[in-house]
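One structure below.
The letters A, B, C and D name the chains in turn, as written, and every chain counts its residues from 1.
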Amino acid sequence: MLWGAGRDHAVGNEAKEPAVKKFINDPADVVAEALAGLAAAHPELRVDVTERYVARASAPRPGKVALVSGGGSGHEPLHGGFVGPGMLDAACPGEVFTSPVPDQILAATKAVDGGAGVVHIVKNYTGDVMNFQLAAELAADEGITVETVLVDDDVAVENSTWTAGRRGTGATLLVEKIAGALAEEGAKLGEVAAVGREVNAASASFAYALTACTTPAAGRPGFDLPDDEIEVGVGIHGEPGRRREKLRPARELVRSAVDALLDAKPLNPGDRTLVLVNGLGATPLLEQYLVFGEVATVLAERGLEISRRLVGNYVTSLDMAGLSITVARLTDEMIRLWDAPVRTPGLRWGV
Amino acid sequence: MLWGAGRDHAVGNEAKEPAVKKFINDPADVVAEALAGLAAAHPELRVDVTERYVARASAPRPGKVALVSGGGSGHEPLHGGFVGPGMLDAACPGEVFTSPVPDQILAATKAVDGGAGVVHIVKNYTGDVMNFQLAAELAADEGITVETVLVDDDVAVENSTWTAGRRGTGATLLVEKIAGALAEEGAKLGEVAAVGREVNAASASFAYALTACTTPAAGRPGFDLPDDEIEVGVGIHGEPGRRREKLRPARELVRSAVDALLDAKPLNPGDRTLVLVNGLGATPLLEQYLVFGEVATVLAERGLEISRRLVGNYVTSLDMAGLSITVARLTDEMIRLWDAPVRTPGLRWGV
Amino acid sequence: MDTTHLDVALAVAWLRAAAASVTAETDQLTRLDAAIGDGDHGVNLARGFTAVAATLDGGGFTAVGDVFVRAGATLIAKVGGASGPLYGTAFRAVGKALPPGAASADLADLATALHAGLDAVRKLGGAEPGDKTIVDAFRPALDAFEEAVAGGAALPEAAASAARAAGEGARATAPLTARKGRASYLGERSAGHQDPGATSTWLIFQALADVTAP
Amino acid sequence: MDTTHLDVALAVAWLRAAAASVTAETDQLTRLDAAIGDGDHGVNLARGFTAVAATLDGGGFTAVGDVFVRAGATLIAKVGGASGPLYGTAFRAVGKALPPGAASADLADLATALHAGLDAVRKLGGAEPGDKTIVDAFRPALDAFEEAVAGGAALPEAAASAARAAGEGARATAPLTARKGRASYLGERSAGHQDPGATSTWLIFQALADVTAP
């Protein structure tokens, strides 16, 4: 038996699976067809369905540092929905939950390079890191300077040289917004990358899942969860979390999550924070606001100020019922850049 | 047996239900606690948790026609998320899927009346209509002139004097945005109500569901759906649809929906339209964009122009996997008002 | 107990019993509503009648009509949905139709008042018999009550008769296709399910039968 | 068949067999990945190796090394995820380590080239043996291949031996706790599940055994 332990694996032909219950056509075409829809919906974006990238229609802007991000699809609006003035110059969507390939990242990088260098914003997953690294090498061959900002804010994962390290989750939005605002002002490559790294270092995230999500290719939930159990410390790729626990009231879950965040990245009374309560896909906004209220209560008890906040589905995991809480310590400069105008399909203010 | 047909109903004590799998505390407190969270997240709103309404912090504005809407909770961001400059002056959230009560609507109406009259935007459900009607009578007693705009855009329901008539769904957002923009400009009560009615008359919606949703009170999905079947012609309250059908590719579902829309409200080649592809809660944005692409293809075949578009979760039904498609025929004036600045938690541009 | 009149104490007892009954049956009402509506009828009425019971505790009523007016106003203020205004308006109409200021009502007065209640439901909701609504339990209950009273029955007997008729009316809604309320959106799919509102109407009449039972 | 050399035709046949195998086993690989990763490994490799097979059809290779370089480049361009760069870089390294321009490679050359492939995986991914990755099948396969060749075995026998060792290595990943890749996020929960990447490495070595089997 070469198909080993863990589940019962019958090799070979199996009963035909039922159709995947999603609003799609052929599961293999989901990303391309969704990109076509994005193109139809957003004339202000240039969507290259063949090369698989989304760029501002106006890119490149000579002299402006360009921001390129990307990752597997299934996290929408991240990343394609964050392309536009004040945020990204381009995004590379991979297949669902699969990092983009180097050619694609290179094509996007070349499409938006304005001669001032390109910042790659990369969530810390083995695949993303390797593909962006290969792309950066290819870009260097073509004379484009690339700085990489790695996002690894998920404190559910231990940060050890013996693991793949912490995952990039909710803080990606913060890095893209704040670094994007600085780039828009005409800052230099190193400065833009530096503020991105600073935001990442100042951010911590923690997530819970009530259900698994279903990828179009698999057609069934990635794991089964009893009615009264939740996954604690999940990422955004439908993988199980660090552990399974009994369901508890939102009040208690929030308290545990905030403890985990502050244990990993301690804050001091009086610190100003940005709080992102982020739905992973199937969690109603009603619950997200309820959770935000609980977070506000707990942070107030600790003497922390919530200076900026965001509630909604921003960094999602397809149709997972779950949510992540991100707390970032803010500087004056970060607040200024957060408040700067942004005009993207997924995040918009000030313009 | 007084508990009649349809399901097996054991009267009296039953086995204790498992805890409701949601990010909540006591199910009875969901709406109040979510409102507390909304208040914490949006200092620009005045949230009265006791009287149960959400208003602009700056309301009332003397001389401005005020817009008040409301309905059951569970449709977020509708309606509380659409309070702000350019859209609603106040919203009244009822219990989950339960229309608000007259006192609450009256309190909101009084809170935002600037002396120029108040428009009630009411989705056509028996409960909503009756409660808003009672509230309008109470408001009249206090000397406030109320005009009611009834929204009934859902063409899945036959419009007959022998039924409760068509439901109000996706077009509610359009009515609130466009009438809200006109009110912001200082138009009179009758004008604001008239444009709202015009938008409703020009709009048609149709929805599919892949799963039922789960209310906090019930704790289990409202209906069961086999793996390969969908509900066709659903509303936004978790009720089953007009009929059940086999799952089909998105391409075909979109074609049937557009047929239904254009049968009910015919359009002519060259007409300009607004298309809203609206997720009901658990449908990933990836699928919503894919569907938007299919809608664009079909409308192009019919010679219709998509002049404005919106894709996302705007008028939801808790955690239902499903989506609605709304097509509205636009006039120059509607386009101008649609483009006008709006600044609310759920919809924002131009400011 | 005076079996020919409804006084303040009995009116309060009736509404308390109704509150206990809809609360005990919350899940069942909700299930019926989940099948052809939005699954909130049980929770709606439990919330509303619990508030009614609480407001009656303060009591101090001298007129029996005021009990129902207060109950109706409370239902309107607390229930929402379709059933809140309908039941609320019905109870207010019942209360207002009872002899003003009277400490108790005789059975003819009560029949007249219940009639006013049914009329209020029909006026506000526009439902005809057979539309699969509250009316389909309320109307036969009222008919049975009037018939019993006309035949010289005392309150316990008339109430029991009304409750029986309400139950039969509620059950008879099962095969109907709804033409009012949310269930009407389902078209023919609403047939085969008992109407939640007609069922709660039965519970309310049954509560009167229970508190007057000898 | 010349059982002492790998020529262009055999290299192409190997990669085609690998493509057929990962395609046939897509669901199984995906299931393994769903348990401790994100459930895309099967689809990733099926997409990648199908593209490899397609690109080899155009053919016209004169040097056996070029077959692997092309295959590696195609995997890098089509797979994404962790396995795309890892397998892609590995095949490129294999191809580049084969004698430049040579139409075929002897078994010593092949062993050296496979060694370069493993080194490339380890350099790019940083995984140690026992980390529950591709390395845990690749390394024993290479050891077995080298041992067989050193013992004078011909290609069929060496390939069969390598495939057997890869399979054992893959199975042996089940009890391990992952320290690299997505599975590492699960901590100890990753134990008890066979590693998808090690399993696909076995499929690839098994494909070589299959196409060389007498």
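Heads up, the rule we're going with is that a contact is a pair of C-beta atoms (placed from the backbone, for glycine too) under 8 Å apart; a residue touches a chain by one contact, two chains touch by 3 or more.
Here the structure is a predicted model, which is why all the values come from computation and not from measurement.
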Could you tell me which chains are in contact with chain C and with chain D alike? none
Pieces of the assembly after leaving out chain B, positions unchanged: A, D | C
Whole-Å gap between the CA centroids of chain B and chain D: 54
Compute the distance, rounded to whole Å, between the mean C-alpha positions of chain A and chain D. 31
I'd like the Å distance between the centres of chain A and chain B, where a centre is the mean of that chain's Cα atoms. 29
Within chain A, the set of residues that touch 2 or more other chains is 96
Residues of chain C engaged with two or more neighbouring chains: none
Examine which chains touch each other and state the graph shape they make (line, ring, star, complete, other). line
Chain pairs satisfying touch are A-B, A-D, B-C
What residues on chain A touch chain B, complex-wise? 18-19, 21-26, 30-31, 33-41, 73-74, 76-77, 81, 96, 208, 210-211, 227-228, 230, 247, 249-251, 253, 281-294, 296, 306, 309, 311, 313, 316, 318-319, 321, 323, 343, 345, 348-351
Under the stated contact criterion, what part of chain C meets chain B in this complex? 24-25, 27-28, 30-32, 34-40, 43-44, 47, 76-86, 124-125, 167, 170-171, 173-175, 179-182, 184-187, 189, 192-194, 199, 202
Show which residues of chain A lie in contact with chain D when the two form their complex. 1-7, 9, 11-12, 14, 72, 94-103, 125-127, 130-131, 134, 156-158, 162-164, 167, 215, 217-218, 222-223, 235, 237-243
